[in-house]
Amino acid sequence: MFKFLADFLPIIIVGLSLGSLFGLVGLAFTVIINASQLVNFAQGDFAMFGVAVCWFALTVLNVPLWLAFPLGVIGAALFGLLTEKAIITPLQRRGARPFTMILGTMAIGIIAAGAVGAYTKFWWMKINPFLGSEPWKLKKLPIDHQGVMIIFATVVLVIGYWVFLNKTRLGLALRATGFNRDVSILLGIQTAKMVGLSFLISGVISGIAGILCAPLSAFNAVQGLPLAINGFIAVILGGWGNPYAALLGGITLGLVRALLTGYLSSAYAEMATFFVLIIVLTLRPQGLFSRFMIPESKKN
Amino acid sequence: MLNVEEISKDFGGLRALHQVDLVVRAGTITALIGPNGAGKTTLINLISGVYGPSEGTISFEEKRIDRFPPHKVAEIGIARTFQLTKLFEGMSVLENVMVGAHPWARNSRFFPTVLHLPKVRRERNDICEYAMKMLKLIRVEHLANVPAGNLPHGQQRLVELARALTTKPKLILVDEPAAGLNLHEEGMLQEALKSIVDTGITILLVEHHMRLVMRISHWVYVLDVGKMIAHGTPEEIGKNPLVVKAYLGKEY
Amino acid sequence: MKSMLSMRRISWLITGGFILTSFFVHGSNAAAAEPKPINIGFSCDFSGVTAWEGNVEFPIFEMAVKELNAAGGINGRPIKLHVLDNGGDPSKTVGTLKVIKDANNCVASYYGINSASGIAAKAWADTNNIPIISCGPLSDKLIQRKGKAWFFRSNLSTSVGAEVILGRIKELGYKRVGFMGSTQAMGTDCLSYLQENISKFGLELVGSVLCEPNSKDLTIQAKRLRDTNPEAVIYSNYAADSSVWARNMKTLGWQPYVTTGVGLGLFSAIRDITPPDLLEGWESVAQIDFTRPEIKMIWDKYAAYTGRRSDDEKPPRTWDGAHLLFEAIRLGGNPDDPTAIRDGFYKIKNFPIVSGPPGAKGSFEIGRNYLITPKECTMVVIKSGKFAMVQRKK
Amino acid sequence: MVSRVKRDFIVLFVVLGMAAVLPLMVREIYLYLVRLIGIYAIMALGLNIFMGYCGQVNIGVAGFFCIGAYIPTVLQGKLGWHYLIAFPISAFVSLLVGWGMSWPLLRLRGHSMAIGTIAFAMAVYLLFERFPTITGGSDGTVVPAMTLFDQTMGNIFYYYLILVFFAVAFLICYFLANSQIGLALRAVRDNEEAAAAMGVDINHYKRLAWLVNGVLASIAGSLYAQQAGFINPDTFALSTNVLVLVMLCVGGPGTILGPVVGAAIMTILPYLLVKIQQYTLLMQGLVLFAVLRFLPDGVVGAISKRFRST
């Protein structure tokens, strides 16, 4: 019995910390989905860009971490805003089809990856664990503080976003925009500004996610898309346009992977997640935890 | 020709239609009137198979059709237009109308098409000609090559009619055609409907405005909050106190 | 109408491009330099995930060629490089090699870094009879035991590395060995070699775990391996996952002796990515002894030539590759005949190389188409974040 | 209408004719490029039917590409079957796979469909990567050269093979696009409800387009494997999906020639940039961005518009 627990607990912990990372990226997706029913395939590249800025500040400008971190986040946020101004709004004005929008965001992602890659020669952008590599000791049970930080940040950001969405005028406006653009225009909400705002917030979140997970493993210019896909899987597993569902979906994904790694083999864990995704899409397209469904936009 | 018997439709807890009966006789213009939210469009959607009824049956020429998917309904000869016009905006008017030929375009299967067999080419030309003929019938042939997205509202309705006709239907469901038309366009519409009936096609006209209905329909049904409250000739309906109360009462 | 018009327009464009192309081709055919140069193709990964390798290897090779040409070339004939990017993609690599052969009628071809592309290149070389010298790929699938090979290698091979590791572990007196590697060939090849040969060294493989590329957390695998309590751990994985692995071992409070057979090139990448204190005491097989003056010289040359430093194995092994190729051409006698050059490689005897311990000599022989044997191998250890040579008892 | 078809054909045959005599005039490198263009064009043509005409989203082309490349290779290498037998089998397999996947995937819409198709492609990719004993794993595997009348086929042969398949694929897509089926597909794209009311069986046509897309991609894969001589899973990773999307979008979705032009542009671009390889990715991104932003209907769309307006 104890043996079983000793095997089981670490798996759960790993699942949680991985899952909350995916959940965080999923949340970043959800912010944009809530405001404009868009899926932003450059999400991971927001994170990547944040990491790049942070790394640049640390290694080239030699600024301390407490300054480099916010710089990176700001970088990601501005990049998000730029994305919206550069391609999202123009395409939406034109009433482009969904796959054009997808490609639009992809284009931004490719450009970011290409630019950063050209500067770093696709070499790794190394950021050390924030609190050094010595793990915390809790009654000589070692704890990986980087993972703890990710879980913590995730919880805080999800709650913060919930408060913002439900308790502030701006948040309500954001929700209204996502729910029904025309009506919210009638209500005098500047929808364009709202979409911009959503990209800004989403940039912040994914920036934080990226910089927090960069020390876990090496991060380079082309690592954005895989991260984004995991985040998006979290969104689909959880539930479309529902922040908590995205988090739950992320944790489910993390746990599934950890369990597969623990009890099957790590060689098939990733493959299995995609099969799981297809099954979920077939049986429950609205997601596992979608307590409410925001209808997809007419354009789809 | 079309028999709707004791149809009911629930959305969640809300009952949109309650025990509705309706009969359309071949070769006539039958009108279905009623105030907004009476359930007219719901009934049309039930007949055209957009969704199935909660209770009751719909039969067309003695054939049960209430579980048919929309494309099947279209194939057995019931065409429709939409209250909010739904043209294919990426195509020209002619192409829009040609889509209508789908139910009888039997030769345009996959392999014959990719092999570009003569019968397919012939059929394509037939379709093209037939579509032009329908456009002429509705008197909009001059618009043939205009992108459908660029048309004014009134003409879009007419094109939709032509498109519906191209399916070679026995019955056309026309959903609020006069909504948002000016007098001139309404006149054109009236002409169009008349000429359609003259070709022997039956029309079920769903309308909100009395004027058009009173002028052209042979038989009128009145629907109010999901119930059929009266039916008869336009004259009878005009006199019917129930209708005046339920319907015109709201108008004036 | 749309389609027809655009179609006609396009056809004009195509005709135009067509005519231009043929002109261009004609022109480029006419161009020929005096004295007739020896064409050498250079296919390497400048883009893609292994791009940094190409960006180091190419300048070194180019530098060697320039020096050679400045010194009068081979028998008075300069060497002309034809550079192509293979993006680290095998089928693209084959494409570039085809181009190198047919378009620029090259006699010999230099190939860059990653194993998959290497295997593709070897297959191509064997069918097209063009000698290839390569200095990146680790895979054992590139070893040709019988007959004369067309594909040669100036760097470490997985099995050679593994052999050295096992020797070292034995030397340190450990018995129980654990293995951690990539789910990709780099890990699986090494594992299968160990499973076959470890008993010969009187050691025991007690446990092995694999991990997917770019894993974010390897605690589970690390725990699994620890539970088999090995005394020494062999790490055969890409640099990207090293930091995860090292950190998770630390988290488990488990720090056995870790060694890798990946060579200094990858080992320094591992050091670049991972917090150095996590790597304290890690050892790796290498093919250079950086206390040797030649190495220093090459590193400085590279820095002077490119303006950035790459103080690891790549410059020296590329340097060796280039000079072995030149020597083979020289010994082959006929710079225009690929077969002669191939035989030239086998004529190389006791050629002084910068790899290996001081005074190392290099050669190829039938059944061994790779340069580095266990006796050319050295070992480096990470002491307080810096590399240090391991002094091994003979 | 008929006369227009005639004129298109004349143009098509002029182009094909020029392509046919090309090997006599230019060197291997250009033939190599043309082969790649042909292969990618076949893939993009199929994708165009599904995305450009039927208006659905598919970021999983590489899945079929992978199947088409690996199955003949394995059948040849492991079982020693002849390529000309293995080739159709792979096409048939991807037909079946496509049929199977159509049930879960075609029920989705828009972005869900995007991620669903990505998942499909990734699953296939990992399937072929993680079973090294059969497929050679991440190291990839040599594709046995095809022999005909016991002599090995060379580049020129593959050039003509690809040319033929390209011509066939182009004609198929051309006839589809200019037929009642083409109209039905576009109807589904523009307004599903109205299409259904006109008697168009939406699911049937979505599946049709999806299968055309899949089979063409698989054929492209088989050709790619043969002419490349070596394949490994990375060739079929996510980037390929994106590349084909980019080709389609640059050329012009929903136009007949779009895929071909797009394939040509995106294939030649990296070779023009050979001196600045590390910017290849950046360039692709910028091209895609510029096209999306300023040429909504892609290059071909823009050109034909120019013609209509003048």
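By written order: A, B, C and D. Residues from 1 in each chain.
As a working rule, a residue touches a chain if its C-beta (ideal position, glycine included) is under 8 Å from a C-beta of that chain, and two chains touch if they have at least 3 such contacts.
Note that the structure is a prediction, hence the values are computed from the model and not measured.
Engineer: Suppose chain centres are the mean of their C-alpha atoms. Which chain sits farthest from chain C?
Structural biologist: B
Engineer: In terms of Cα-based centroids, which chain occupies the most central position?
Structural biologist: Located nearest the centre of all protein C-alpha atoms is chain D.
Engineer: With contacts counted as defined, which of the two, A-D or B-D, has more C-beta pairs across the interface?
Structural biologist: A-D
Engineer: Per the centroid of Cα atoms for each chain, what is the distance between chain A and chain D, given in Å?
Structural biologist: Computed value for the inter-centroid distance: 31 Å.
Engineer: Just give me the whole-number Å value for how far the CA centre of chain A lies from that of chain B.
Structural biologist: Computed value for the inter-centroid distance: 48 Å.
Engineer: Starting from the mean Cα coordinates of chain B and chain D, work out the distance between those two points in Å.
Structural biologist: Each chain's C-alpha centroid was found; their separation is 41 Å.
Engineer: Quick one: report the Å distance separating chain B from chain C, using the average Cα coordinate of each chain.
Structural biologist: 72
Engineer: Considering chain A alone, which of its residues make contact with at least two other chains?
Structural biologist: 117, 121-122, 267, 270
Engineer: Quick check: what residues of chain D touch more than one other chain, meaning two or more?
Structural biologist: In chain D, 130, 278, 280-281 touch at least two other chains.
Engineer: Provide the list of chain B residues touching at least two other chains, using ranges where the numbers run on.
Structural biologist: none
Engineer: Once the touch criterion is applied, which pairs of chains come out as touching?
Structural biologist: Going through each pair of chains, those in contact are A-C, A-D, B-D, C-D.
Engineer: List the residues on chain D that touch chain B in their complex, please.
Structural biologist: Residue positions touching the partner: 1-2, 171-172, 175-176, 179-181, 183-184, 186-187, 189-191, 193-202, 208, 254.
Engineer: Using the touch rule from the top, collect the residues of chain A that touch chain C in their complex.
Structural biologist: My answer: residues 7, 10-11, 13-14, 17-18, 21, 117, 121-124, 126, 128-129, 132-135, 140, 142-144, 146-147, 213, 215-218, 220, 222-223, 226, 258, 261-262, 265-267, 269-270.
Engineer: In the complex, go through chain C and note every residue touching chain D.
Structural biologist: Those in contact with chain D are residues 1-11, 14-15, 18, 21-22, 25, 29, 46-47, 51, 55, 83-85, 87, 89-91, 93-95, 98-99, 101-103, 115-116, 119-120, 123-124, 127, 139, 141, 183-185, 188.
Engineer: Can you check the complex and tell me which residues of chain D touch chain A?
Structural biologist: Touch list, chain D to chain A: 51, 55, 57, 59, 103-105, 107-112, 114-116, 118-120, 122-123, 126-127, 130, 238, 242, 245-246, 249, 253, 278-286, 288-289, 292-293, 296.
Engineer: Applying the document's contact rule, which stretches of chain D touch chain C when the two form their complex?
Structural biologist: These residues of chain D touch chain C: 4, 7-8, 11-12, 14-15, 18, 22, 25-30, 32, 36, 129-130, 132, 137-140, 142, 145, 155, 177-178, 224-225, 228-232, 234-235, 255-257, 261, 270, 274, 277-278, 280-281, 300, 303-304, 307-308.
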